[in-house]
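Each of the next two complexes has subunit A plus one other chain: subunit B in the first, subunit C in the second.
Entry: the complex of A and B
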């Protein structure tokens, strides 16, 4: 009896070990430089999701192993790190990515190595409009933000609009999308000024005075991160927010902006972020915020929630595919009219044609309360997913 | 109304120039006297901002004391860094000083991230400057006038120091001929420590003075050092007045560019730099290199 027992045990052990092999996910985030705050929240969100998934036994009985690397927001570094993750770390999936230019540079690797990429932050609409088979975006993109902003702007009693945005792809495309859409909805609006400070500028004074001189009634802006923090503080000094009736920024409600500004945030800015931690008022969302706070000691920013939801959504696709193989996962994302996932922020549905997730977007006006050391959103406006569905040229 | 507006725009340009001057004059001075290209210059500017934040615990009422403390700390740190690190590369090829100062930049960025985190640190406007001034009926931040004044006073004191004191004369002499200066019995190593300390102190003061208008981030060092190099290339390395001229030119070009050609505003400083390099590669107020035989 002893003779065959030991080899059997060994074989069983090997088989078990084989099935216990982790599913490796290589995550790229900006972990150094001015935007490291975003990469930090993104990687924390992904980490929390991985811990939850592993606590319930992993996916297909295999644990998730997250390997987080710093892409520095630099396309060259991003490609180098992604290649290293694929070839040396042998990851099954690529994940994350904050910068649009990094996402566009890394995307071709998905065809080269047949390794799917799930993008949770980079927002250029071009990424999904390239129709690559193994690229998926589980967060909303900049065009959806611009369309949501236009839907709200069309209801405001103002005609004279101006723009101040960072001078690169994201800023330019967002403004084009916004003003084109707004003019469709409200043909009577006019553009009185466009200002394009360098991305990462630290002095906005001359842009602010030039804007104020054009006397816009409302200003659209996609300044984000430190740019928005610094702009808001300087503009306040000029009395800018008293002169302009509406200031509209689709990425202004990021906690990476509101927390450093603290009590200095002007009130009454119409802002959004891809997720707002106090919305929706559901048990699901409250549980997520609580778990995140307990784990990391801060409120989840939009990037944290998007990475969290993105990893859960990927896990669901793998489960549905019963495989980590690229084509099987692709079919799982596309099947039945697109994969659906109920994230803390609400329902996410992937459009099968372009692999872009659509979801409702939350906007609101900034307001200070005694409950938080930073401004929160009041008079919330929810733009339903249907208002942001733009046509795609992709076909599957 | 329009004339007033142009005046206002000029003033904003000058305010920007003031910050650029404080940032870049030390870079120019250090290169001039010591021949060191200090890539870490922006890092000390960043440290100035973080130190003001730390010394005052982010409270506006400690602003003035904090500013003085930053100036003093900047000098001490600069002198310390020169003694411990910079001193070792004078005799070596230039690659070594670039490697060394670039390493300092990376180390300081990581230290800042370690102690202060990756987020932005904002500092409230000091009470004295809380409200805007009204110039010709248009609001203008009173803090900008303070910045212009601070830069003007610094330039004046620096000018007096360099051109009216013995120490200043030695520093100017060091830019010309170090060996002769040593032969005359001047303690050149000590002189270098002082120059480096003063340059770093000014950069730190610039970073701290900017904090109420901007925010401190671990990435600001790299942006700052690029700006400083642009100013110094335009004005001429090794020249205090060159740094002043370069800063004022950049400030005005930016302010007026935004008015007339907003689409191209960010190109102007670089275009100005390219033009300078083409026509006067040694900078507007720099000295052309001596012909060696």
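Entry: the complex of A and C
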């Protein structure tokens, strides 16, 4: 009897261990340098989601193991680290990514190794327009932000528009998308000035005076991170925000901008971010904000929520696929008109053709209240997902 | 001879590497070739080029554009990457070698940054900061082991060429110019021509390294031309020791491993690199290569002494 008992036990143990093997997810975020704040929020959001999933028993009975690495926002480092995650750590999925160029550099690896990538921040429309089978984006992209901005801008009683944006692909494409769309909706608008400061500039004086000289009624801007913080401080001193009636920035409501500016934020800016922690006023969102604050001691920024929702959405796709295999997960994301997930910010639906998630977007005007040490949004305007659905060239 | 043994050993090692090991080793050879090319200028001519990225990037973009826009097969682009970077080096060298010391260094830096700006802004042609992606060479060229041998072969070729060059009359002339330009010119050495040729060779080899790196990473981005890329070959050279022939290649390997290993464990890898560089410069100015040589010669002496003693 002893003869067969031991091997049987061993086999049983092995089988158990097999089913308990974690699902490994390799996350790439910027954890050093100027944009480390965004990467930190993203990795925290993903971490919270992984903990929640594991607390309820994991996915397919397997726990989720999150491995977070620093891609430094550099495509070469991103590729090297993604390869290490795939080949050494044997991850089943790649996740996260803040920088557009890193996302574009890592994307070809998904075809080579058949490892799906779920992007939760990088916003270049190019990424999903490449129609790769294993690349998914669960956050909204820059084009959707621009279209939402245009939808709102079309309702404003102004005609003379100007732009100030960072001089690289994101800034240029966002403005192109915005003004093209706005002219479709309102053929009577005119452009009086375009300013392109270098990304990461610290002196905006000449750009601010050039803008003010052109006397625009409204200004569109995609300055983000430290750029927006420095610009807002300097522009305020010039009286810029008193002269311009509307200042519209689709990434201006990021906590990474509003928190450092604190009480210095000018009031009445029409801004958005991909998520605003006080909207919607649902139990779901309140519970998320509470859990996040309890865990990390701060309010969840948009990048935190997007990573949180992205990981939950991926878990749902794995569950639906009953497998971590790339093609099965792809089918799960695409099936039934696209995977749907109710995130803290509201409903996310994946478009099966290009693997881009569409969702409603929240905008509002900045205002100071005694309750928060930074500006919050008032007179909120919700742009429904249908206003941001642009055509895609992808087919499935 | 000893070099040949080394290459043979590296070739035999190939099948024993893991998939990931092959990628790392290939990258180490590429960075090694790049640093060796830089050191040709730095050690043999005393010229400190801070714009080596210009040629690294030129090679990479030549390869990428020919493959992505022209539909060329990857192997055919390598000679062209070599040639175009040589031409680029001829042009930049022609204008900057007239200047000496810091002015030369600054001008090479300026040219590299100029090319960076072009690659970054010219969306229609270079793809701007979206780069050029999907550069996986088709067929066997995309396989890690085969690619390892391709890179090793070209690395060996480059290193042997530099080794021969160092011992050639041309190499002696370069060192003469470095040590005493006036005297060397007085004996009839054409300083400008010699330095320009060295600059062109260095640029061409850097370009080859860039093309290989682009195919290894499957994409090329403007930061291939950024000044930090120029700094990489200088750091590798300092780490490995510029005075030792294989020093830059050793430095490149250590630089890469350090980056990968330290980064896998902490996000503060620049701190560790900085500390190591400081230690090297302060206590081991001959670099890791010099340190290795010293230890080897000490052991040899010890063995001899032991042998004579018995």
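Following the convention adopted for this analysis, the second predicted complex is superposed on the first by the 390 of 396 C-alpha atoms of A that agree within 3 Å, B and C clash if a C-alpha of one lies under 4 Å from a C-alpha of the other, contacts with A are read in each partner's own complex, and residues count from 1 in each chain.
In this text, a contact is a pair of C-beta atoms (placed from the backbone, for glycine too) under 8 Å apart; a residue touches a chain by one contact, two chains touch by 3 or more.
Just so it is clear, the structure is predicted and the values come from calculations on it, not from any experiment.
Undergrad: Just to be sure I read the superposition right, which of the two partners does A:70 touch: subunit B = first, subunit C = second, or both, or neither?
TA: second
Undergrad: For A:193, using the defined touch cut-off, is the partner it touches subunit B, subunit C, both, or neither? Pick first, second, both or neither.
TA: Once the two structures are laid over each other on A, A:193 reaches subunit B alone.
Undergrad: Going by the contact rule set out at the top, does A:107 touch subunit B (first), subunit C (second), both, or neither?
TA: So A:107 only meets subunit C here.
Undergrad: Looking at subunit A, does subunit C or subunit B touch more of its residues?
TA: B
Undergrad: Based on the superposed arrangement, let me know which partner A:88 touches: subunit B (first), subunit C (second), both, or neither?
TA: second
Undergrad: A:389 in the overlay: touching subunit B, subunit C, both, or neither? Say first, second, both or neither.
TA: neither
Undergrad: Quick check for you: in the superposed arrangement, does A:237 touch first (subunit B), second (subunit C), both or neither?
TA: Only subunit B is touched by A:237; subunit C is not.
Undergrad: With both complexes overlaid on chain A, does A:32 touch subunit B (first), subunit C (second), both or neither?
TA: both
Undergrad: Output the subunit A positions appearing in both contact lists, the one against subunit B and the one against subunit C.
TA: 32
Undergrad: Taking the complex as given, what residues does subunit B use to touch subunit A?
TA: So the residues of subunit B touching subunit A come out as 5, 8-9, 12-13, 15-16, 19, 109, 113, 118-122, 124-125, 132, 138-141, 143-144, 210, 212-215, 217-220, 222-223, 254-255, 258-259, 262-263, 265-266.
Undergrad: Report the residues of subunit C in contact with subunit A in the complex, numbered from low to high.
TA: That would be residues 18-20, 23, 27, 120, 123, 128-131, 133-136, 142, 217-219, 221, 223-224, 260, 263-264, 267-268, 270 of subunit C.
Undergrad: Quick one: which bits of subunit A touch subunit B in the complex? Just the residue numbers, please.
TA: It comes out as residues 32-37, 40, 167, 193-198, 200-203, 205-207, 209-210, 212-213, 225-226, 229-230, 233-234, 237-239, 256, 259-262, 264.
Undergrad: Over in the complex, which subunit A residues touch subunit C? Could you list them?
TA: Spelled out, the residues of subunit A in touch with subunit C are 31-32, 69-70, 74-77, 79-81, 83-84, 87-88, 100-101, 104-105, 107-109, 112, 124, 126, 168-169, 172.
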